[in-house]
Amino acid sequence: MEAETPPQTSSCINSGEYLIVQKIDGEQSRIVRFTPKQKILIEKLKFTADSAFGKPHGLFEVSNNQCFPMSVDRLIEELQLQEAPVATSVIDTEVITFETVEVSDPRVVIAPSALKLEPEQKRQKLEMDAVLEMKKQGVSGQDLVAKLVEGSASFQTRTVFSQSKYIKRKAKKHSDRVLILRPTIRLLAKAYYLKDPDRLAMLRADQLALILQMAGVHHGKNVIVFEQTLGLITSAVIERLGGKGGCVHIHRGAVAQSIPCVHSMNYDEKTLSTFLPVRIKCILAEKQLPYETNRRPFDDEAENGGVEHKAAEKIEDQDLEVLARRNERLDKEKRGLEMISEQKAHSLIIGSRTVDPISVLELVYPKLAPSASIVIYSPHQNILVSAYDWLAKRQTINLVLTDQMCRVMQVLPDRTHPLMAQHVAGGHVLSGIKVVDQ
Amino acid sequence: MEAETPPQTSSCINSGEYLIVQKIDGEQSRIVRFTPKQKILIEKLKFTADSAFGKPHGLFEVSNNQCFPMSVDRLIEELQLQEAPVATSVIDTEVITFETVEVSDPRVVIAPSALKLEPEQKRQKLEMDAVLEMKKQGVSGQDLVAKLVEGSASFQTRTVFSQSKYIKRKAKKHSDRVLILRPTIRLLAKAYYLKDPDRLAMLRADQLALILQMAGVHHGKNVIVFEQTLGLITSAVIERLGGKGGCVHIHRGAVAQSIPCVHSMNYDEKTLSTFLPVRIKCILAEKQLPYETNRRPFDDEAENGGVEHKAAEKIEDQDLEVLARRNERLDKEKRGLEMISEQKAHSLIIGSRTVDPISVLELVYPKLAPSASIVIYSPHQNILVSAYDWLAKRQTINLVLTDQMCRVMQVLPDRTHPLMAQHVAGGHVLSGIKVVDQ
Amino acid sequence: MTVEPSFMLYEERIREGDTVIVYVTYGQMVPTVVKRGQTLMMKYGALRHEFIIGKKWGQRLSATAGYVYILRPTSDLWTRSLPRRTQILYTADCAQILSLLDAKPGSVICESGTGSGSLSHAIALTVAPSGHLYTHDIDETRTSKVQEEFQTHGLSSVTTAVVRNVCTSGFHVENSADGVFLDVPAPWEAIPFAAKSISRVRGGRLVSFSPCLEQVQRACLAMASAGFVSIETIELVPEQKKIVTQHRQSLEEFEEIGDAYPKERKRNADGELVENTERVSTAIVYPYSQPTHTGYLTHATLLPVLE
Amino acid sequence: MTVEPSFMLYEERIREGDTVIVYVTYGQMVPTVVKRGQTLMMKYGALRHEFIIGKKWGQRLSATAGYVYILRPTSDLWTRSLPRRTQILYTADCAQILSLLDAKPGSVICESGTGSGSLSHAIALTVAPSGHLYTHDIDETRTSKVQEEFQTHGLSSVTTAVVRNVCTSGFHVENSADGVFLDVPAPWEAIPFAAKSISRVRGGRLVSFSPCLEQVQRACLAMASAGFVSIETIELVPEQKKIVTQHRQSLEEFEEIGDAYPKERKRNADGELVENTERVSTAIVYPYSQPTHTGYLTHATLLPVLE
């Protein structure tokens, strides 16, 4: 048995840390590196990173460009106050009318005749200037809601039920509560999926979870990964290895790039020791190649990336530190290539967007250890059907193609149903096990 | 306006009628032609067809090989008696344990060690002989359940909740209540789907409904159908036309065969007047061909059919009646071919199992009226992707590929959830609209 | 004799008074009644109605700033293009409801509420010419709007629109319907009335649409108490896909040209133009965000009453 | 020094004491502990354990009546082949639960109930070697069985199985867990105890699995009252597919040879053997009947407590 790793006792926010920022009841999730003097922006809320340093991860209230730790108990009291009238079993037609507004069905054309403003929107429009004025004056979200509710002409005539709805809607719009959390694979997956599913090959968090389980990724395993999912699969594998085993990351160019999901997990050195980037070139050549020192690595991906962080490497040959880093990289690559050539890999994960998985299988499959798990993800079922045929011809067993629906339920008194609309883009997972005859 | 068709006032069962037979709470649905002296069998229940003649369609109780009309009120009283204890909010672990038994997951291997009999099954096994004996003596299902419950050793020790479950399970097994219903497209679709999804190209009832709506099938429309779904699509179209318009049914061989779903709907002559079978040969030749009187039509389908009824046609050239029928057939085929050649068809529906839809499109698409709806069903997404490409090249507009999940909910007090397992095989629906430039 | 325009006449060419669906793109359709002297103003330009009359259905026409297609109205196109006044039942649910009602020419159907009239049109077209639709709503503006539409669409003779709260006053007809459809906030209140409206001698079908499960639970209990059998609740979740062409890059190609902007040719390391890689047609879920729930459909049968 | 067998040792060859998964077909797998002198009896023949020892993991072996493969146990294979003692959590749910718990090496996780031990194994393998699983069940036969399995599988040092009703007595550890998983009939009773078991300084995650919506509704209320935030309920519905080769018959071919028994060649009208038509590989839903619901997963976060 290995020595125990110390439990993560520090839940204080440090400068330089990547963090997840969410508004309570908000839609977005942002991954931000908190550096001194930085302004953090989330759904129109703004505060300085410095105001968070040294505070424990968790709930904050934003006011005057500063964030202040806030007790969860207070939040819950407020929520219960808002929810209380809802918990009765009143049902009125407003339920349905309101939900109609929430559904954004892209198949519906709103004909000109329907484009008139709803009465309430009209009211809101008139109030907007006042709201902006109050915000400027630094009135907190909570007070803002109170003022709005007070001033709403029609509020007195509403039913108890729709009153609570009204308060809640307002609270959502003007909330100034944010969660500042340590990134987890699950939160990263969700944030990138909602932000740009295309760049992530439409990989949903629930499918990522399935991939890890089907590939049997645990402490000490050797896993080969080829992915086009912003480093998400690689990062998840690294976390699950927990500092022992290896995650061979097959990458384009001289240095692994466009893998923000690896960087933003704030991994310590021990955890990162299993991260073994290997150049495609070396895989193609079936041996380690020297670096061509006169050429800079391809960097068009960094240009097109549109991601919030990029590999910090800049190659300057004179720099000793850089040389040391290159040597470390070569050492790790050597370990990765040995894992392949010596048939020591227990799992192969392919998460591809443009590359045909068969092209990877042709090079890597023969080098897998027998009994290895193969898991291939693609947003395109056709691509996996071909891969299935390829694997079936090589007597791969336990072959199965799965797809899964993941729906969020709205659970509220007398209003329980699946969400009316949701991001559903996703892919398919093909898995199997390599066996040998002799 | 046309004269009104008389409302279907006769709800009495006639000899020669096709009927749907279901047990209350049963799993199966059978389509049977009730003829004199016939024995009707449904989930181990047996009665003579004669005992149903002249009675209204609806609920029956079976006893001594006879069926007797039964009032729904009695059934409901009994059900409420059974359900009453369930309506409380008691929850115990039995809920979950019991549901495990219900789930039949084919992916699970029951290892030898788990193959021991559950205690309750053991008890039941011992009781089985007694049950069979009572049944022979003509004891009704209701009494049988009473006796079983009485005699069950463990019954007294059960909770109220599981007692009601127990009664219900027993009631289900020994129920002697059957529904004898006039067939509807919906019931036929469900019955054939559960019986043999392969022969039906896995077409589910909910997808059939979507096809009809996307194809815009209504009174007076002209619709071309090529299908390999036992006549189900054709029959549904005929019903929706209601005696006006045309349903061109493109079929193999000399006579339309393997279309039990058309026969078992008991259509009157007026409704059937829109059924226009056209031979593939004539479509290929782009003209009506004479019958080759010396050759019998292909009939291997009738052999392989495995369906409960087949086209009653037998060709005997001497027979005048047969000649008359052939002439009628030729007349209808002529109408069908004219509808195609004169570009009068408003919809094309393809529901294929082995035939490439493109092969049908090549012959029929150019002949559709502009603004015609095209709807193609296939269990294979790949096949529809090719058809999509074919149609897109011909400027077909409004192209969309849809798939839909259809889940049944269990709605019971404190036990509401989607069914744990269900038939899910199905297909995909591609639809579009033909337009013209000039 | 002049014939009134109707959704149920299938003439080859467009006449004045016809309702046409002006199709711009998949997401853009506008229903219009053709009337001399009028001009349709769209995002993509103007189109004079004179220009539409006499043209073939399904024909492509030039507007001032692009092409449009003039389509024959169908139940589905009407649902997708109608002016939205309230929550709307989409084609997948409409199709299923017609099937669960066993609707066909000759059926007598009661509906409440009328709402946008999306389902009302689907039912009217299905039961015509010998059946009838009675549609009920508590909001007079809705019933009169749908009545007006039925008039314009040639469906007046098979429809009756009634201002009525079916939960308190029941349906316009009793002992005569083959099917009843409910889309009301408290279906359990309307269910005993639904049973009354169904023909005793023929029996009939009931379908209730509810977004929330709590409504479904109460509706199921009410149906059982009202004598309905074969009670079942289903949920449909359609998924829309589109076809795209997809790369099948080899690892070598990926190393050379990367994955970015696959539509363009790329220069390789030696400055040569590199061919696009092999592509296949494939279906992807699109749009990425889709409706994942509309409502539960609870359906049941009322058997004929034994005399 | 002899090393004890373990799911977490990745030797190339099989040793005595190892648990192997004997794979016959997709639906047929048997887990066995290899022991000299024993023989595995299967439907497809007998296999002497002597014959297994020293072989490579993943190797094909001949039994008396056919081939089998000897696989290295993984979390998924164990779930699919384990002796079923009770309701079981399948791989799709296990995978999701691990993710929702943010489980990783070093995590301290509490679970109740233990049940078949399917999820227990998945958790133990994930948190090893520096984390710990505390699994609770009211049924002593289940905890002792899983304890025995953990022993055999080399997972004892990272697991503790406790006979305990968490709904009345809470969890074995307090103020120390990173995650709590509940699969109990009345989760709302256990939720306040779950909050207590979670580390105050680190905070943690809660996941509750319930088949019925009524359980979910009460659990959500209980979570909110116990101070959890970001409460969300999801449902997973996996769909399994298999690849088949599918005809692309032309209409002419269909007219000639029909659609029946496509695997055989057919004689045409002139008695000639006709070639099979073109085929493509395609995915179909298989088996036709599949699990469509296991349970809802409600998950939430307990934030670190401000000191």
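Each chain gets a letter, A, B, C and D, in the order it is written, and its residues are counted from 1.
Just so we're on the same page, a residue touches a chain if its C-beta (ideal position, glycine included) is under 8 Å from a C-beta of that chain, and two chains touch if they have at least 3 such contacts.
As the structure is a prediction and not an experimental result, all values here were calculated from the model.
Asks: Spelling it out: a chain qualifies if it touches chain A and also touches chain B; which chains qualify?
Replies: A chain counts here if it touches both chain A and chain B, which gives C, D.
Asks: By the contact definition above, name the pair with the higher C-beta contact count: B-D or B-C.
Replies: Comparing B-D with B-C, the pair joined by more C-beta contacts is B-C.
Asks: For chain B and chain D, what's the span in angstrom between their mean Cα positions?
Replies: 36
Asks: Roughly how many whole angstrom separate the Cα centroids of chain C and chain D?
Replies: Whole-Å distance between the two chain centres: 42.
Asks: Find the geometric centre of each of chain A and chain D from their Cα atoms only, then give the gap between the two centres in Å, rounded to an integer.
Replies: The computed centroid separation for chain A versus chain D comes out at 24 Å.
Asks: Considering chain A alone, which of its residues make contact with at least two other chains?
Replies: 381-382, 385, 405, 407, 416, 418
Asks: At least two partner chains per residue is the criterion; list those residues in chain C.
Replies: Residue numbers touching two or more other chains: 26, 213, 237, 239-240, 281-283, 296.
Asks: Between the chains shown, work out who touches whom and classify the graph as line, ring, star, complete or other.
Replies: Contact pattern: none of line, ring, star or complete.
Asks: Between which chains does touch occur?
Replies: A-B, A-C, A-D, B-C, B-D
Asks: How about chain A: which of its residues touch chain B in the complex?
Replies: Per the touch definition, chain A meets chain B at residues 381-382, 385, 405.
Asks: In their complex, what parts of chain C are in touch with chain B?
Replies: These residues of chain C touch chain B: 8, 10, 12, 23, 26, 56-60, 69-72, 74-76, 91-92, 94-96, 98-100, 102, 104-106, 108, 122, 125-126, 128-130, 157, 201-203, 213, 216-217, 220, 224-225, 227, 229-230, 232-243, 281-283, 296, 298, 303-304, 306.
Asks: Touching residues of chain A toward chain C in the complex: what are they?
Replies: For chain A paired with chain C, touching residues are 89, 91-93, 95-97, 99-100, 103-111, 113-114, 197, 202, 226, 228, 252-253, 280-281, 283-284, 298, 300-301, 304, 353-356, 359-360, 363, 379-383, 405, 407, 414-426.
Asks: In the complex formed with chain D, which residues of chain A make contact?
Replies: 1-5, 7-9, 11, 24, 56-59, 69, 71-73, 75-76, 79-80, 179, 184-186, 205-206, 208-210, 212-214, 216, 218-222, 239-243, 346, 369-373, 381, 384-386, 388-389, 392, 397-409, 411, 413, 416, 418, 428, 433-438
Asks: Spell out the residues on chain C that touch chain A in their complex, using ranges where they run on.
Replies: Residue list for chain C touching chain A: 26-31, 80-88, 90, 185-186, 211-215, 237, 239-240, 246-252, 254-255, 258-262, 277, 280-296.
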